[in-house]
Structure formats: structure tokens, C-alpha cells
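In what comes next, chain A is part of two complexes: it sits with chain B in the first one and with chain C in the second one.
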Partner chain A sequence: MKMGHAAAAIIALASSAAVLTLTLVFAVTGGEAPQLAGAMTSGSVAASGSVNVVTTILLDFRSLDTLGEASVIFASVACVGVLFRGSRRIGTEPGLGVLVRRSVGYLSALFLLFPLYIVAHGHLSPGGGFQGGVSLAVLLILLTVAYGSRPMATAVDPSRLHMTESLSALGFLMAGFVGVLQGTSFLANAAAGFPRGVPGSLLSGGLIPVLNAIIGVKVASGLGSIFFDFQSERGE
Partner chain B sequence: MLQQAMYVAAAIVFGIGLYGVLSRRDMVKICVSLSVMESSLIMILVALAYRPDAAAPIIVDGVATYVDPLPHALALTAIVIGAGVLSVALALTVIVHRAHGTSNIAVVFRRGR
Partner chain C sequence: MGLEVVFLGLLVLIVVSALGAVLVRGYITSVVVLSVFSVLTTVSFAFMHAVDVAMAEAAIGAGLMTAIFVTAIDRIRGQR
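Let's look at the complex of A and B:
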């Protein structure tokens, strides 16, 4: 072990001990469960009609934070795009054998069904736009690996993915401005007149399924364009 | 008790990740260590949400206690931001590798001097 490694080990041990002390002190002195948790859990159905409390927090109580979260993805997609500027965005990966290509082709319908289900049931079960969007991007990556870069890049234009991502960010903002036009706050849900629906049914939650779908498109196109950037070739 | 065990596990994972960030010189390994550190944060959030005998925070008739939903929402945010940070870090790794033929930052700095 070199000298630098020993120092690194000491620093890592010290901060690990600090993390442990801080969390344990918080756990001992934190006391009872805060009132906020109970209020959010019991108020979720009344506020938005969504039975999934985590989704209600993300897309109703604190939907402005989720807009910030979505813009973090936007920023990282833009950052990766800038870093890879000048690269040819169509890679030269040849793809895999006929067996893999046929089986991926047959299975792709199921691979498409899963993210759609995850996004559509975001207000009913664990899941939502972020998770469904990631699995949709995985489908894109799987097809690229199986069929090779060139056929995929002609089927899904990477620069159009950037455009889709920006448009869905705009869609999120416009869904938020509906609340302002209705005379309430930005990104208001039930207060802006969105119907709550029957809690637990597929058509419930007001604005929440709409925002989930927008986020799903945004995350899928964002991660897809990051992937296309990564598999690009050095330009010039 | 379960919660305390989870805090200890999270602290150990955090230490492993920090040691990796400080001692490794290869940018890919630093990226891996960063995501290891990030997963310790998510472990802490999961432990914070834990309540004894509570169900997942999806409202069902006949269930009285649910776990705290707020740390779950924060964990989702942390995962998304972690993915963004990791993608930018890996993009920088690819750029450095293209420019210098190696992703070892010690070698890159030695050449630059």
C-alpha cells in the first residue's frame, strides 16, 4: 500500500465514522415520526386522487422540485452533447448475429409494453415517468446492440431525440401553466380543475398521469440521446 | 435495531466509495466509486423511511400504518441526479481517453506538466 492509499484509507474511515455518528445521533434524538409523514399519507387521496403517496409528493405537493429534477436531466443531456460536439453521432458497431437479432425483434413488443405499463400505472403502483422512461431507453440500447448502430441511427435520428427531449420539457412547463391560467398556482392539480377520478382506477390523479407521460418521454429521449452520444465516433 | 444496522451498513458503503474516489487514479473506477457513495445515501434514506410493521406508501383499505413516503421521494430525486452526474462524468472520461489514449488521470497530469 502506497502512502497516498494509506491517507485515503484514513480519510475514508474517518468520514465513514462521521456519517455513522451523525445518522445514529439523528436516529436517537430524532424522536417520534414527524407529523408531516402522516399528513402527506392521509392527505394524498384527498389532494390528488392518487393512491401512490410517493407519486403524489413528486408530482403534486412538490411538483416544482420535480421540474428542477427534470431540468437536471436536461442539463446533463446538454452537457454530454456539448462534450461530444464534433463527433460523428452514428457509430460503426456492426450488431450481433442473426439469432440475437431475431429474438430481440420478437421480444421488442414485450420490452415496449413494460415501460408503457410502468408509466401508465405510475399513480397506482411503484413506478412512474422516470422508471418507465429509463426502461424505454434500455429498449433503444438493446435494439442498437442487437441490430448495429447504423440501422438504428437511420430509424431513430439522434438529433430528433434531442428535439423530443426539449419539446417534452416545454410540455411539462405548459402543463404547469394550466394552473396559472385557471387562477391558481403553477403546476396546481385538483385546484386547477383537473378531475381527481376514482382513487385506485387507471383514470385518476388529475394532472399526475399527464406529467408521468411527459416525464417518461423526456427521460427516454434524454437517456437515448446520451447513449447515442456515447457510442459516437471521434469526428474529423 | 434493523434501522441501526442499516445505518452501519450505509456508513461502511460510504467509506468504501470514498476510499475508491481518493485512492484510484482511473476515471472509470472513480465513477464507479462515486455511484457506490451515492448508493449509501439511498440506503440511509430507506432506513429513515422505515417504520415497524408498516406497509409501502400506497393507500389500500384496511392498512393502518405506512412507511414515511418523503424519503422515498427524495431517494428518487437522488437516483435521477446521480444518473445525470454519472453520465457527465463518464462523458468526460471518454473525452480524456480520446485526447490522451488513457483514462488514468495520474498519467494525464504527469504528461501535462
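Let's look at the complex of A and C:
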């Protein structure tokens, strides 16, 4: 083993040991955080009308942080787009045999229902816009591998995906500015007059299902366009 | 008690698969071992009742990341 490799291994081991020790120390001694955690978990249904506490924290209490995460995806999609600029957006994946194509075709209907369900029930059950959007992007990849790049590129225009992603990012911001126009904070949910609904029903949670749908479209189109960019060829 | 032993074994398997992804020969094999690592991490998240995180890890780690890594490796080979 080279000298540099040994040094890197020692640094990695030392830092992971330090992180592990610190985590254990904090877990044993505890901090001030449990008070805040208790307030967030006990008051979440009353605050937003969504039964899923995780979604309430992500899209109501801490929706500005979610906007930050969404902008990280936006930045990475934009960077990949810049790296592959000037290349033809259509890959040369030939696709698989007729047996695989037919079975993937039949499966894709079920596969499409799964992300739609995950996104629509994000405020009721585990999951949400991010998980559903990633599943939708995986469906795009599965269809590309099975049917080949060229039929996929005619069905889903890869350059349209970039535009869809940018538009849904804009939609997230617009949904946030409703709260500002109502005189409360940015990305406010119940305070901005969005109806809470009956907790546990499909139409509840105010702004949360809307944000889930927007994030689902954004993540699916963003991650799908990253894959299509990686597949594309240098133009001649 | 029995469940904790299973969880401990799972954690050991996660470390083994992470080491395997680094040490194994060949890029594609390494990516496949990395997706095994992701699946094991998903199971451990589900064990800890963090189903939201488990779903994200399953879709990103096992599905999307493998596809993007394989495509990237394919492109690098094509340019040589």
C-alpha cells in the first residue's frame, strides 16, 4: 500500500471514530433538543392537519429547509446540464429483447401507480414528494433500458424535462409567496389560510399535498434529466 | 433480545458490504456491492421505524445511483 493510501485510511478511521464517540456521548448525556422535538411531534397534527409527523416537519415547520434541499437538486441538475451541453440529447442504448420489453410494458402501469400513490398520500402515510419523484425517475430509467434510448426520447423529450424541473421550482416559490401575500411568513401553511381539513382524509394538510405534488414533479424530472444527460453523446 | 441480535448482525453486514465495495476488483462489481450496502441500510432504517428515510434510501441508493454509476462507467469505457 502506498504512503498516501495509508494516511487517508488513518484520517478516515480517526474521523469516523471521533464522530461515533461524539454521537454516543450526546446520546447518553442528552441535550436541550428533546423539548423542541416533543413540541414538534405532539403539536404537528393540530398545526397542519397532516397525520404524518415527518411530512409535517419537512413541509410545514421546516419547509424553508426543504426549499434548500430542492435547490441542491436544482444546482446539481443544472451543473450536469452544463457539463453535457452541446451534446445530442439522445443516447444510443439499443434496448432489450421482445420478452423483456413486453413484460416491462405490462409492469410499468403498476410501477406508475406506486409513485402516484406515494405522492398523493404523502401527508397520510410514509413517503412524499421526494420518494415518489425518485420512483418515477427510476421508472423512466427502467423504460429506457428496456425499450432503448430512441423510442424514449420521442416519448419524453429530454430538453422538456429541464424546463419542467425549472417550472416546478418556480411553482414551489410561488406557493411560498402566498403566505407573504396573506401577511404571514414565507411558506406559511395554516397561518396563511390554507384549510387543514379533517386529519386522516385525503384532502387535508392545507399546503402540504400541493408542495408534495410540486416536489414529486421536480425530483422526477430533475433526476430523469440527469440520467438522460449521462446517456447523451458528444455532438458532432 | 432476539431482535437486537438480528439488528447487530445487520450492522456488521453493512460494515462488511461497505468494505467490500471499496476492496472488490472491477468497477461494475463495486457498484453492485454498493447497492447491496444500500439495501442493507434500507432494512436497518426500517428496523429503526424510520420508514420515510428507508423509502428514500431504497429508491436513491439501490435504484437511481446504480443506474447513474453504470451509465457513467459505460461512458468512460466508450471514450477509451
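Please note the rule applied: the second predicted complex is superposed on the first by the 233 of 236 C-alpha atoms of A that agree within 3 Å, B and C clash if a C-alpha of one lies under 4 Å from a C-alpha of the other, contacts with A are read in each partner's own complex, and residues count from 1 in each chain.
Operating definition for what follows: a residue touches a chain if its C-beta (ideal position, glycine included) is under 8 Å from a C-beta of that chain, and two chains touch if they have at least 3 such contacts.
Bear in mind the structure is a predicted one, so any value in this text is a computation, not a measurement.
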_Quick check for you: in the superposed arrangement, does A:Ala191 touch first (chain B), second (chain C), both or neither?_
neither
*Kindly classify A:Ile141 by the partners it touches after superposition: chain B alone (first), chain C alone (second), both, or neither?*
second
*Looking at the overlay, does A:Leu13 come into contact with chain B only (first), chain C only (second), both, or neither?*
first
*asked:* Looking only at chain A, is it chain B or chain C that touches more of its residues?
replied: B
*Considering only touches as defined above, state whether A:Ile118 meets chain B (first), chain C (second), both or neither.*
second
*asked:* Which partner chains sit in contact with A:Phe130 here, chain B, chain C, both or neither? Use first/second/both/neither.
replied: both
*Where does A:Val54 make contact in the superposed view: on chain B (first), on chain C (second), on both, or on neither?*
both
*Once the structures are superposed on A, label A:Leu83 by its partner contacts, choosing first (chain B), second (chain C), both or neither.*
first
*Who does A:Phe230 touch here: chain B (first), chain C (second), both, or neither?*
both
*asked:* Per the definitions at the top, what is the overlap between the chain A residues touching chain B and those touching chain C?
replied: 52, 54, 126, 130, 223, 226, 230
*Write out the stretch or stretches of chain A touching chain C in their complex.*
52, 54-55, 118, 126-128, 130-131, 134-135, 137-138, 141, 145, 223, 226-227, 230-231
*Note which residues of chain A are touching chain B in the complex, please.*
4-5, 7-9, 11-13, 15-17, 19-20, 23-24, 27, 33-34, 36-37, 40-41, 44-45, 51-54, 57-58, 62, 65-66, 69, 72-73, 75-77, 79-80, 83-84, 124-126, 130, 199, 223, 226, 229-230, 234
*Mind pulling up the chain C residues that touch chain A in the complex?*
51-52, 55-56, 59-60, 63-64, 67-68, 71-72, 75
*Within the complex, which stretch of chain B touches chain A?*
3-4, 7-8, 10-12, 14-16, 18-19, 22-23, 40, 44, 47, 51, 56-60, 66, 68-70, 72-73, 76-77, 79-81, 83-85, 87-88, 90-92, 94-95, 98
